[in-house]
Amino acid sequence: MGEGEQITKSVSWPNAEVIEDLRKLRSSVPLTHCITNVVVTNFTANVVLAVGASPAMVLAAEETADFARVAQGLLINVGTVTRVDAEAMINAASAAYEAKTPWVLDPVAVGALEYRTNIIEELLKFKPSVIRGNASEILATSGAKGNAKGADSTASSIEALPAAKKLAEETGAVVAISGEIDYITDGKIVISVPGGHEIMTKVTGTGCSLGAVIAAFLPVTKTPLSAATAASVIYAAAGERAAKEALGTGSFTVAFLDQLSTIGIKY
Amino acid sequence: MGEGEQITKSVSWPNAEVIEDLRKLRSSVPLTHCITNVVVTNFTANVVLAVGASPAMVLAAEETADFARVAQGLLINVGTVTRVDAEAMINAASAAYEAKTPWVLDPVAVGALEYRTNIIEELLKFKPSVIRGNASEILATSGAKGNAKGADSTASSIEALPAAKKLAEETGAVVAISGEIDYITDGKIVISVPGGHEIMTKVTGTGCSLGAVIAAFLPVTKTPLSAATAASVIYAAAGERAAKEALGTGSFTVAFLDQLSTIGIKY
Amino acid sequence: MGEGEQITKSVSWPNAEVIEDLRKLRSSVPLTHCITNVVVTNFTANVVLAVGASPAMVLAAEETADFARVAQGLLINVGTVTRVDAEAMINAASAAYEAKTPWVLDPVAVGALEYRTNIIEELLKFKPSVIRGNASEILATSGAKGNAKGADSTASSIEALPAAKKLAEETGAVVAISGEIDYITDGKIVISVPGGHEIMTKVTGTGCSLGAVIAAFLPVTKTPLSAATAASVIYAAAGERAAKEALGTGSFTVAFLDQLSTIGIKY
């Protein structure tokens, strides 16, 4: 199967549907529950605020179920999961499933470490709307043997596309592979999102916070496929623009938040 | 009761008393113990350093009592409180109460979630010097029915002023309501602090870190009312100035820290 | 013993050996396992990425041993250690010792708080390659009575040099004292690294993240002494350059990451 047969369409900024979805997000300010790793919690909250949603990083096992029920979207990212966090995540995923709160699973470094691989398997039972990861993580989640080295990907995103389609079919989730080109699939349609910049791999949290932005879009878009696409498109555009202004990774991060908070406004 | 009757005075930068309190803070570099949420820990430490105090984020249940005794001011912010953190907070508050270390309570999202509401009630027994929150949080803390949505406020700060005065009278604490205009009261005097900028609501931790700056001022000002006022005034001024330079939320944050670290120096 | 007798040599950027070590680091992208405090986790990951290594902040007690075995370097920083973290740290240090993964111990605020002092004593049994701290922390670790006030140093780095040499001899570790001038010793050779800037003491994590950069250099340099030297030299150079561009602590942090991510590239 060649690449031409797989890709349904390529989407990039400015795209009319993405612009409309972003407008809806900013007017409804969806409450977005983020349970993520300690490395990127601050950056994720700032990214979600920049895009225009309302992040809430509620993470105590005693509170996550209650909050996942009232939130409009939920992200669960297992990047630094401990046994205390695992309980909080299962509670949240279970409540989201019952309350029909759409949610995103980010299986950071799955396959590389047995402990979290088991937690991810447990979480998958609660039917995430979207699974987002890099190529190695998607390969590992779909049961193929990824070669995950920490949170970094050693496979290219296109290599993981067959596994992503299989994973989408088996779980019912949209699968988003982040990489030089992002691929997003519901098992049938495949969207490719070009753009971004290599410097994004030199700033921690650019991938993890994308999962939160997808969660913020879930309540406002027609489908999870559109949510993952909208988030990826504005990310790629903001990243590309920010890279032009950056003198290094510090100023890139600043410019990236500036771009996310103004994209479609000053445009 | 009209607004005119409530407000004793409005304070903004440059104000002679605030300038003098800031000078005292910078010359004495008070050791400021911060137990705060994982979203804003880094930003809070940087804000406290920028203002000129010495932050210490000691948070283990085994250490917080010992440290709260030697610290000159303490902040307890329940933003992401877990059961492990709750124990650490109670230990700190209890030790601060015994050792007469002045402390600030930030009841993030109180009323919205039962678990933390109970922890906050427990913490209130140890007599905080200052309670800082947005309007919804102050309404909920004072027993009125706030409509807290995550950590964001749905009420305006002036609406919460009667509840703030009642809460101040009942607890003996100064109550600081953050909003477009900040109100600070000890139950009798009401200080209003104008300024700041709307973009501050789009950066996580601007409210939470204000609590830490109040804690840093507590050991150097004559009263807790002055500490809350000084902190709010330099925050509003730094926020207003930073907003003028900002291209978005990323550069705002950078400019805000720049302003806090130079206010009154380059002035 | 005068200073002249103690210092073997002073190293600063550009130094041929440091340039070569940095080139090796960037071409091999060492997997650097960081178990650090919640205040600086994000900044540390960004610093390690900026320098050119691959950070992984694996911190669950169930995962740290497995990961410390495959990582090429490890940092353990006890800045906000809880009992859950302590277990994770002991597991990591023990596994690193068995697997011969070189590692750095950062004994934040040792001596000031009994709980963490005991944990640090336990960790020392697993033979760190490098111990990095400020003067007060090195004095306290070596058994001399430091006067540690939180994480800040009240002693100057040269005052701690005799204690550092003694500690190096007793433990077999290289000891790095951070301060206005950094001193690094294996008990015989003493390297001094001038440079940096006072503003670095006003940004949280500049010291803590240096420990992670040393861990990143450990697998690529000939000796732990060279790793600590290389890391300290590029830190001092980046800090000095960034201070020239900074308008305050916010823009300093941005410029510091920019400098770390480009040093030796644009040079």
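We just call them A, B and C in the order they show up, numbering each chain from 1.
Here is the rule we use: contacts are C-beta pairs under 8 Å (C-beta built on N, C-alpha and C of every residue); 3 or more make two chains touch, one makes a residue touch a chain.
If you're wondering where the values come from, they're calculated on a predicted model, not measured in any experiment.
Although chain A and chain C carry the same sequence, what matters here is overlap: shared residue numbers make up under half of all numbers found at their interface. Overlaying the C-alpha trace of chain A on that of chain B calls for a turn of 120°, given as a multiple of 5. Chain centres here are Cα averages; for chain A and chain C they lie 33 Å apart. Among the residues of chain C, those in touch with two or more other chains are 38, 41-42, 84, 253-254.
Across the complex, chain C meets chain A through its residues 31, 38, 41-42, 45-46, 49-50, 54-63, 66-67, 84, 88, 253-262.
Interface of chain C with chain B (complex): residues 37-43, 79-84, 109, 113-116, 149-152, 202-205, 246-251, 253-254.
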